[in-house]
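Below are structures written as structure tokens.
Below, chain A partners chain B and then partners chain C, in two separate complexes.
Now for the complex of A and B:
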């Protein structure tokens, strides 16, 4: 009863805040949602890996960077649009992810968590430096007309292309929910995530499931790599900031809570753009991410102590 | 014992052959992620190859050793240490961003070798850290300081408004990247354009794509609300296309859309978004028609690398190698004191359209170029608009509305 009441209060406050923003600073909501879509679409695959395989993949952003370079190479070689490269890139990144999992991460799963962190951190450095050696640290960008698509509502004109990330984040969230709750493989993955020993006793191949989930997550982040190429210039360090942001969004949402990542991303995206909208707080936007994560973790700790 | 003798013999043979061959080592430090570093280092190598093909310097070949500073001060400092202690270079050159250059200065001072600096415009940071003569006499700064650039632009815009009465500038908005380069641009813009109240200045910072940013919506929103006559952005080549794409999406088209990155992305001119964007620079291929040094540099660069030099840092770095080579020839050595004396007598007719000499600046003793140019992308090419004596085209004004 108390939980229901609190949920209703949060929902009412969110709706009120949204209406106030639409009336007062509509662009904060528009650009906040666009940024949130990008953050969530990158963070959700990391949440899947953390929730089921139970590893913090510090090379997550670098997988996206490698995928973006793969998509760029394909686009340049074949003269194709990055949108057409999404599915091939996802397949290639999934295979690459599965190979990396079998060769490295699988070996560290039974070890202390620190080993897993060091391993994936090492992978991140290895990916960045390899790309640096092949492509140099020169930036690349494919000019595309459709990314400048815009819409007018009253006096405001805004770009609409970045809403594609919102759509992807929603598809990822509900697609994964469907996969995990309605398909046999997904249910097995959920079982492995909740109780690997129990899942093994009932005949589920735990390591095969881990490999499959990791490959699926890499496919999703690979698709994002190709899509990211439409909007941004790429260079070897382009994925690194997304790893930390994704991890923090997962921490805010709670491990295993994929729809929660979507909510945390909206909070972060809107808060950042809200601060950027005012002259005195423009330069504070980069800090909001750290403030939110500290508030959430301290709040959760206090709540835990109380209970 | 026999093994030791054999090892000593091999060592003596290798050392002897290296000594006999004789090279003058130039340590070049650039940010290779940026086109300025990529093409600057390539142009320096072109000059080294040309000089070596013509017999070298003092009977020795030049050897350019390039290290990437990744635009970071710590990496730049480590690059100086590596070049000085491992490669044992005779002189240093290169540089672009002021933040990275600032990291090099303590190490430069420690080793005291001659530095031919091709970048770092931040006077408040870099020039101040160098200090006055004689402690900074080893440092030859070819690139103008920010106050030189600002004075040049102020003079240029005044002249353009006088020459073309339809061009009227009252409100200027600067979008600047949040690093040392952007902040020093903002500080100097406020002083140069805002101090006498002739112009109204506003600005906002953004995180460059080069450092993990790439979302310009809030800075463009602020600019659009300000309704500037002149919109100027100071960032890097990685920002050029995404910034224009987002400007187009937001239908932001000020009277003058001006970019001031140190270099433009390769192929930028072929993008439709480049049309009538103005820029600050020192050189353009359009100058080949009336400058033989420029034409020679351009022809040799394109022949060697099969791409067009897209930034003035290419002819600037090319010039830096020739200035160093001429100085070493005149000094007869790479020793610091005689080389400084020889370089002080430099008179180099550069591809940049001016003869480079070294004069005192506000703080240091050896400042090269002090003037920049105002250019415009027209039909895929950079045309010089000002100074009028070097102009290759008339300005297209206003910047057309997005379709």
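Now for the complex of A and C:
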């Protein structure tokens, strides 16, 4: 009952805030949603890995960066559009992720949680620096016409291409929901996530499932890497903020709550763009999510101690 | 017998370290200074790790100390030597304040929050243009401490390292060692044996942060300028971590060996491959975690392992 009332209050407040924003600064809402789509689409695969394999993959954003570079190389060599590279990049990244999982992460799964944290941190550095070694720290970008598509409503003009990220985020959320509840492999993965030992007893190959889930998550991130290339310039450190942001969103939504990531990313995206809309606060937009992550984690720990 | 031999070695090494500026040129001194700085940071990281808490926020507190020192000189007119002490105190106070919030967190949540705090410090300093100089940073008008004499700067860094080593031995030899080890091994049983977990963690966090601040102060005084990107560089988190892991954690010796080895290797690699020589650090971290979780210490001191485990 108490929970219900609180949800209702939060819902009412967010609806009121949305209406106020639409009337006052509509671009904040539009760009906020676009940013939210990007954040959510990158965070959802990480949430999948954290929920089922139970590791915090600190090299998550770096996988996306590597995928973006792979897509870039393919596009340059074959002269094709990044959009065509989405599927191949996803497949390549999935294989790459599977190999990395088998070679490294799998061996650390039995060890303490801290080892996994340091291991994936090491992976992140190795990826960033290897790319740095091959491509140097120069930025690369593929110029595309359709990215600058824009739309007018009333007297405001805004870019529409980034809405593709929102679409991807929604597809990921509901696709995963379908996969985890309707298909046999997905149900097995969910079972492994809830109780690895129980799943092993009923005959599920736990490590195979972990490998599959990790590869699937990397495929989703790989697709995002190619899509990210359409919009942004890439450089070796481009994926690093996404690791932190993804973790922040998952911590806000709660581990295992994939639809919750959508809501959390809307909050983050809109808050960042809200600060960016005003000149004096523009530089502080970057800090929002670091503050948010601390507030969320510390808040949860305080609440957990009370109950 | 064995202990005496190692003591003699340590003493010889100490004398060599102190006497280095008398016969070495500027370039070796510069390399030695860098290695000592990272070594000291590695030791402080390891000191907190002994309680089971992994901090990714070394660069954050290092940077806070660095800015405290340089702004102390520029804005408050402190003498250079005092600004270094001020840096230590300031970082310690900051750590004391945030410790109340974050030391209740465990495992990945603690690590992530320390990483986030480091970023917050960087962004705050980046954005307070009028006070901190913003992204361009600040330069000290009166120049580097000791007029930039290579030998004296070396001794200054050595003094910072000595503080870190002394603190680490204090942690190892006093009852802090037992408290931190008990917390690391099993928090519930430590608590039921009457260990005040929060108090010991706060002590360890404040002491390590103060030393990190001190090193930040020394760093900034010996280069004479600070920008957010240099003093909050991820290197200050990454390199010490790799060094301590390579040498072997939960000891003072491990980070020292790790720092000497990695420091020399990376200096050599820097000349060979200017871009991306840091890849070595990533690979070392991965290999160490996978194949030798106790670091090089494991290979060197195989027979002594049993006594180690008993006392640990």
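Note that the second predicted complex is superposed on the first by the 307 of 307 C-alpha atoms of A that agree within 3 Å, B and C clash if a C-alpha of one lies under 4 Å from a C-alpha of the other, contacts with A are read in each partner's own complex, and residues count from 1 in each chain.
Definition applied: a contact is a pair of C-beta atoms (placed from the backbone, for glycine too) under 8 Å apart; a residue touches a chain by one contact, two chains touch by 3 or more.
Predicted model only: the values in this text are computed from it and were never measured.
By the touch criterion stated above, A:113 is placed in contact with chain C alone, chain B being left untouched. In the superposition on chain A, A:129 contacts chain C only, with no contact to chain B. Contacts of A:149 after superposition on the shared chain: chain B is touched, whereas chain C is not. By the touch criterion stated above, A:301 is placed in contact with chain C alone, chain B being left untouched. By the touch criterion defined above, A:137 lies against chain B and chain C together after alignment on the C-alpha atoms of chain A.
Residue contacts after overlaying the shared chain place A:209 against neither chain B nor chain C. In the superposed model, A:283 lies in contact with both chain B and chain C. Of the two partner chains, chain B is the only one that A:273 touches; chain C does not reach it.
Comparing the two interfaces of chain A, the one with chain B and the one with chain C have residues 136-137, 283, 286 in common.
Chain A makes touch with chain C in their complex at residues 56, 104, 107-108, 111, 113-115, 117-119, 121-134, 136-137, 244, 247-248, 251, 283-284, 286-287, 290-291, 293-294, 297-298, 301-302, 305.
Every residue of chain A that touches chain B in the complex is listed here, in rising order: 27, 31, 34-35, 136-139, 141, 143-145, 147-150, 152, 157-161, 231-233, 235-238, 240-241, 273, 276-277, 279, 282-283, 285-286. Note for the complex: chain C touches chain A at residues 52, 54, 56, 101-102, 104-105, 107-109, 111-113, 115-117, 119-120, 123-124, 126-127, 238, 241-242, 245, 273, 275-279, 281-286, 289-290, 293.
In the complex of the two chains, the chain B residues touching chain A come out as 31-35, 38, 68, 70, 178, 204-205, 207, 209-210, 212, 214-215, 217-218, 221-222, 236-239, 241-242, 245-246, 248-251, 265, 271-273, 402.
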